[in-house]
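Next come the structures, one after another.
Shared chain: chain A. Partners: chain B in the first complex, chain C in the second.
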Partner chain A sequence: ARLNRIHSIFGTVDGLSGRFVSVFNYFKSLFYSKFMKPLRNGNVIHDEPPRKRFQEDFESTPLYIAVVTYINYGIMIVFGFLRDFLRRHGFEKTHASTEANDMKDFVPLYASFESFYTRNIYNRIQDVFNRPICSVPGPVIDIVERQFSKSGWMFKYTGKVLKNVVNLGSYNYLGFAENDGPCAEASIESIEKYGVGVCSSRKEMGNLDIHVKLEQKMAEYLDVEACLTFGMGFATNSMNIPCLVSKGCLIISDGLNHASLVLGCRLSGAQIRVFKHNDMKDLESKLRDAVVYGQPRTHRPWKKILIIVEGVYSMEGSIVNLPGILELKKKYKAYVFLDEAHSIGALGSRGRGVTEYFGIHPREVDIMMGTFTKSFGAAGGYIAGSRALVEHLRYHSHSACYATSMSPPVCEQIITSLHIISSTDEGKRRIKQLADNCRMFRQGLKKLGNIVYGNDDSPVVPAMIYAPTKLGAFSREMLKRGFGVVVVGFPATPIAESRVRFCISAALTEQQLQDALDAISDISDLLQMKYSKKK
Partner chain B sequence: MGFDFKLFGKKPTSVVGYIEWLYFIYCITTGIYMLDPWERTVFNTCLILLLSMSFYTAYAFLPQHIFAMLSHFGLMDT
Partner chain C sequence: FQAPLYHYIVEGLLVVWIIRLLFFKSYKIHDKVPLTTKEKDELIEDWEPEPLVPPLEETRAVSKPYRVVSGQPGKEIVVDGYKCKNFASLNFLGFVENERISKAATECVSKYGVGSCGPRGFYGSFDVHLELEKRIAKFTGTECAIIYSYGFATIASAIPSYSKRGDILYVDEACCFAIQKGVQASRSNVVYFKHNDMEDLESKLRHQEMLDKKDVKKSSVTRKFMVVEGIYMNTGEICDLPRLVDLKYKYKVRLFVEESLSFGVLGQHGRGVTEHYNIPVEKVDMMCGSMEYSLASTGGFCCGREYVIDHQRLTGLGYVFSASLPPLLACAAIEAIDIMEEE
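What follows is the complex of A and B.
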């Protein structure tokens, strides 16, 4: 009976049985289209044809490596209990945080699994995380060497610096992290004009003309009506989602969304439902349930339904199925929030992001959010969309009201890099170089036999490692060969699926990538990491 | 760098290197690569004790067990 009710309103999922079309909406759209002309910035033509449905790769874990991973964690947990026992009864000195002596009878603070994991498993391979670098995060970096002792609890700086380590971990997609060149010179000039600190928030005295210029240029670049910029990318998400949705609204977010989106959703007070990563059928069934059944106890209709997705997911390297989502959005009248943190500048033939990659007009996405940290070599975030949305956020956003606005040299860096990407040959060369590098590196890695997750065109390439011991060994061996990589384990990924995440940059030459592939091949042989069954 | 396994760089080809590499893979697979040297010694000692006791038990008692099983199933005269 429940299914029949849903089918009578929307038709079955395959859309073949009879549907009710609103006659009133049809006449309303005819009438209003004569009088409402949307504002346009620029005359950009979107003539790329929409792509066919893409295929993404998530090869499943081989059984023996899953067993090995669980054995690893089992032994580590046994020895973790042993060490905790020794520490608690005084046989060994405790270096971790513990409760104060008079609080020991209270509810324990450090007994959760996260705490146990950090003390006993994470700390042992701590020399592969948080490595300090002392140069600009370009294609090669200088790493400050550290000497660890006492199984990871203590370290000291040896005084040596490892020079010219090839950087495969920074989000430097278009290579704008540089300390000389037009961007750096423009930033220096802006420091001479404005200084470095703004000393005020956007609403008070911190609204500089350089911010207005940046927002205009960003709106032109994205081909939307208006744009609003913020000083911090994480704060853009977490402080602005509460302004858009509130208590009677529904948020349907992808299962693998970033922590900033999750925090923003929780702060807003709206009801949150999660759909499986990139799964359109799951999203559709959740949308249907939401529209038909409304709010949980009262069954009143939801005030708004907001679908939150990311352009490129940084831990999986997958690209969102944007045509599918927009089709569902139009059918069920929901709003779409697209977080293009990793995809702006890196996808699309002119670097305009995931909408250009799919050949979709950006006007179809209601709220486009992005960060300047990844492709533009600066810091901060933006939200773009219709003028009504941006004006609403300008007055109601917590970030605009309380947070200091963006520093002028950072704004100037973004303006110069936008100019380079959109109007010069250098920009076109960088975009093409990034696309070539991605393709070459990913195909090379797949040919070696490693399991690589995600879409073929994304600039983030995660290769699976699974076992925590191999995580530490891989990173150390790569550093010895002169390559700096980022390995990620729990809690950023599921506990049995640790991976190494390579971020491709346009500043890396083909020779460097080929050397990296040779090193990865040798080390994968050494560590028996070539799990893939397709070759 | 503060841990006591040497960094190989690539899979070794010499005989001694190959045996060291086998021990390395054993440590990686069981997870003791991440432990302190004394913890590794404890684990290896326990494992060797367990294995040696199992082998001794097999050596001492297995013929009797096999004989008893076969005669129970009627495949051999008691």
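What follows is the complex of A and C.
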């Protein structure tokens, strides 16, 4: 069994000889017997369970797994250097594209070490990312088959299609990725009426009547004064934060915030401080220091302080401790920016996101941001809040001035799905179905003995894999059994915390989820992934 | 060496004193008495932040409300109820009201739905995205292309994925807002040259060349890029591409051209500013464009050599971390390129 475990861990590293195995066996048994203590505290229990009880779970990494994971990286790095050496001296053919011939004397575009990770680690498991699909991204998808060369560097399309793969990866929380039904019909009608393009920005000739309608409906739905929509979710964050804070202001940002928020913070020119993910104590100490000591060097007081958090964190599956944040906000007179990309539509009894989940009125949050990509099955983003905020952004937001407005069929999709969510029984059914599916799947996964991160109610369910080579194996094995999953490793996660992330959809049936759990159980045995000690 | 005893004693004491000065902690005046909790609480009580945004009346005073367009924003447009001829949209080829494009988009919705529900890495890559990338590469005559889901995010993501801290960007001072944001996000050293003034650009390049000769080690790792627009959004002028290409090879500076406005407009086939000047497209390192103007869809693209472009698939922020382009918009863009080629 031990050998089996080792093989499963290092199985995908080619060229590993049996000699290493005995060494690792020794290491592993050593750590097994002596140091099997958790690396960090098991449960994160939030200070004050608010109107809703928190079930946030971050089981610690077993020490021997951490060690094995680092050894795993070590081996890949050693082999990477070896193969780089061989490639440099022409013993191994390199498949990488090269610089143009007449530009060989330019300064190299990439530092050679920068791409080491891509070349020697990412490329080995390249086949599990960027899988092209050729169907609606609903509960089952058709994947275009690719055949990779042994080295993983090149692939060709076989011309075959893998039909009806169960989709556990798309952000289709409420199942609005549909090619028929009311949403698709309405979108098609709007193409007939408006066409596809707008060719102008909101400030110029791109403010169509349906954009105005969407904003009104969205503001009503969220129960806020006003709302402003944008054509891309990523740009909603990165282009609007600079309109709210500037030099002399302070941003206190959660350590696991999305890249778009981080970019927005950087572009704003404000000071950025980071607090530990969802840790209210750390946030409070940062806020306290900020207000008491003011700006560094000049010691002037900060103009304003903006706390930036997300509703549901897409890699951890955790839900923000909003009651805690709002309490601190009041105490220290800060402003709160809440990114509901993954929570709008997916949390709360009527799908109104994390504020409804906690029973908090959305007006208590200064800036409500969200995207239409996920629950609404469309594209774009919004910012909602007080009328003063929205009007300010309407005239100063870079996105509103310079970027083209949202395409009419996309806009229509949101209006229709929003109508279904907010005022029909079908919408209620979907929201309930999603909540049931999430709980059923997460509990099932925990029962199997996998380490599952995050909140019990979150639609994002990450299960830990740890070793990078297992990422590839897990995803390939799942695909073989007819399930499409998303695996994520460094740099999207900490280096030793690679994981598989399941996104649950209301469109998935209980049977599909049960089959998925069976398959996961099977593969987890094969890859020795049932790390949890709680079981 | 005759000296009185007291002299040795004094000298000895001095030596001891120096040693003491050297090894003992320096004397520190504690001017900072740590604040007590009560004082901190008072400070927190005292602090009054600025309002998040100016009051509503103030915003209203300086701005006009948006005009509302009802119906299709084509060559005829209804603005605030007035029927007008449209001289304001960037609908250069009139594709907004094109029937073929609408039909392609409609068929696409019946096959794929509207949203893509995922980033390119995670089941958000559709076969139509791959086809569109191939079509753009073929149309522009480049090796490979990459598409973004928003025109604005294209160049703003592309610049920082190559140019890092310490690198140098030569940027036209009249460049559009998206370039400015990309430049800012890259945190590189930025040198602005006078609008479309090649003499000014060359003098700045020559100056840098002189600096480089002094510090060869540093200059051998400092990447340099020129960022220009095909047609400038702010001035409507066309860039002097032949001179820029000369300068590129003379001073070994890579050249990025942002062609949002010139794509579909300049050149016999609408391939942009390279075709306009009859310059082989390989001479430009990266060509960025928007699909929101001539193609009347949404999104943007970058094309060039595979060696250059593929890098963005792992480092272009707007590519990696954003949901992919809705398939119907990709279909519309493919159809638009088809029409450009055929008609």
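One rule holds for everything that comes next: the second predicted complex is superposed on the first by the 463 of 535 C-alpha atoms of A that agree within 3 Å, B and C clash if a C-alpha of one lies under 4 Å from a C-alpha of the other, contacts with A are read in each partner's own complex, and residues count from 1 in each chain.
Keep this in mind: contacts are C-beta pairs under 8 Å (C-beta built on N, C-alpha and C of every residue); 3 or more make two chains touch, one makes a residue touch a chain.
Since the structure is predicted, the reported quantities are computational estimates derived from the model, not experimental observations.
Colleague: Specify the outcome, clash or fit, for chain B and chain C once both structures are aligned onto chain A.
Modeller: Fit - chain B and chain C, as placed by superposing on chain A, sit side by side.
Colleague: May I ask you to decide whether A:S260 touches chain B, chain C, both, or neither, giving the answer as first, second, both or neither?
Modeller: Only chain C; A:S260 stays clear of chain B.
Colleague: Which partner does A:R124 contact after superposing on A: first (chain B), second (chain C), both, neither?
Modeller: A:R124 sits against chain B, while chain C stays out of touch.
Colleague: Figure out whether A:E204 sits in contact with chain B (first) or chain C (second), or with both, or with neither.
Modeller: second
Colleague: Just to be sure I read the superposition right, which of the two partners does A:C227 touch: chain B = first, chain C = second, or both, or neither?
Modeller: Neither chain B nor chain C is touched by A:C227.
Colleague: Please name the chain, chain B or chain C, that touches the greater number of residues in chain A.
Modeller: C
Colleague: Now for A:V309: first (chain B), second (chain C), both, or neither, which partner does it touch?
Modeller: Once the two structures are laid over each other on A, A:V309 reaches no partner at all.
Colleague: Would you check which partner chain A:K193 touches, where first means chain B only, second means chain C only, and both and neither mean what they say?
Modeller: A:K193 sits against chain C, while chain B stays out of touch.
Colleague: By the touch definition at the top of the document, which applies to A:S170: first (chain B), second (chain C), both, or neither?
Modeller: Once the two structures are laid over each other on A, A:S170 reaches chain C alone.
Colleague: If you take every C-alpha pair with one atom in chain B and one in chain C, what is the shortest distance in Å after superposing?
Modeller: 18 Å.
Colleague: Residues on chain A in contact with chain B in one complex and with chain C in the other?
Modeller: Shared contact residues on chain A (touching chain B in one complex, chain C in the other): none at all.
Colleague: Provide the residue numbers of chain B that touch chain A in the complex, in ascending order.
Modeller: 1-3, 5, 7-11, 21, 25, 27-36, 39, 43
Colleague: For a test of understanding, state which residues of chain C touch chain A in their complex under the given definition.
Modeller: On the chain C side, the touching residues are 35, 40, 43-44, 47-56, 59-60, 62-63, 66-74, 77, 79, 86, 88-91, 95-98, 101-102, 105-106, 109-118, 120-127, 129-130, 149-153, 162, 176-178, 181, 184-185, 187, 219-224, 249, 252, 254, 282, 290, 292-293, 295-298, 305-308, 310-311, 313-314, 317-318, 320-323, 325-326, 328-329, 332.
Colleague: Of all residues in chain A, which touch chain C in the complex?
Modeller: Interface residues on chain A, with respect to chain C: 96-100, 102-103, 105-111, 118, 122, 129-138, 141, 144, 167, 169-172, 176-180, 183-184, 187-188, 191-200, 202-209, 212, 231-235, 238-239, 244, 258-260, 263, 266-267, 288, 291-292, 301-306, 331-335, 366-367, 371-374, 376-379, 387-389, 391-395, 398-399, 401-404, 406-407, 409-410, 413, 484, 486.
Colleague: Along chain A, where are the residues that touch chain B in the complex?
Modeller: So the residues of chain A in touch with chain B come to 68, 71-76, 79, 82, 121, 124-125, 127, 145-149, 151-152, 155, 467-470, 472-473, 476-477, 480-481, 522-523, 525-528.
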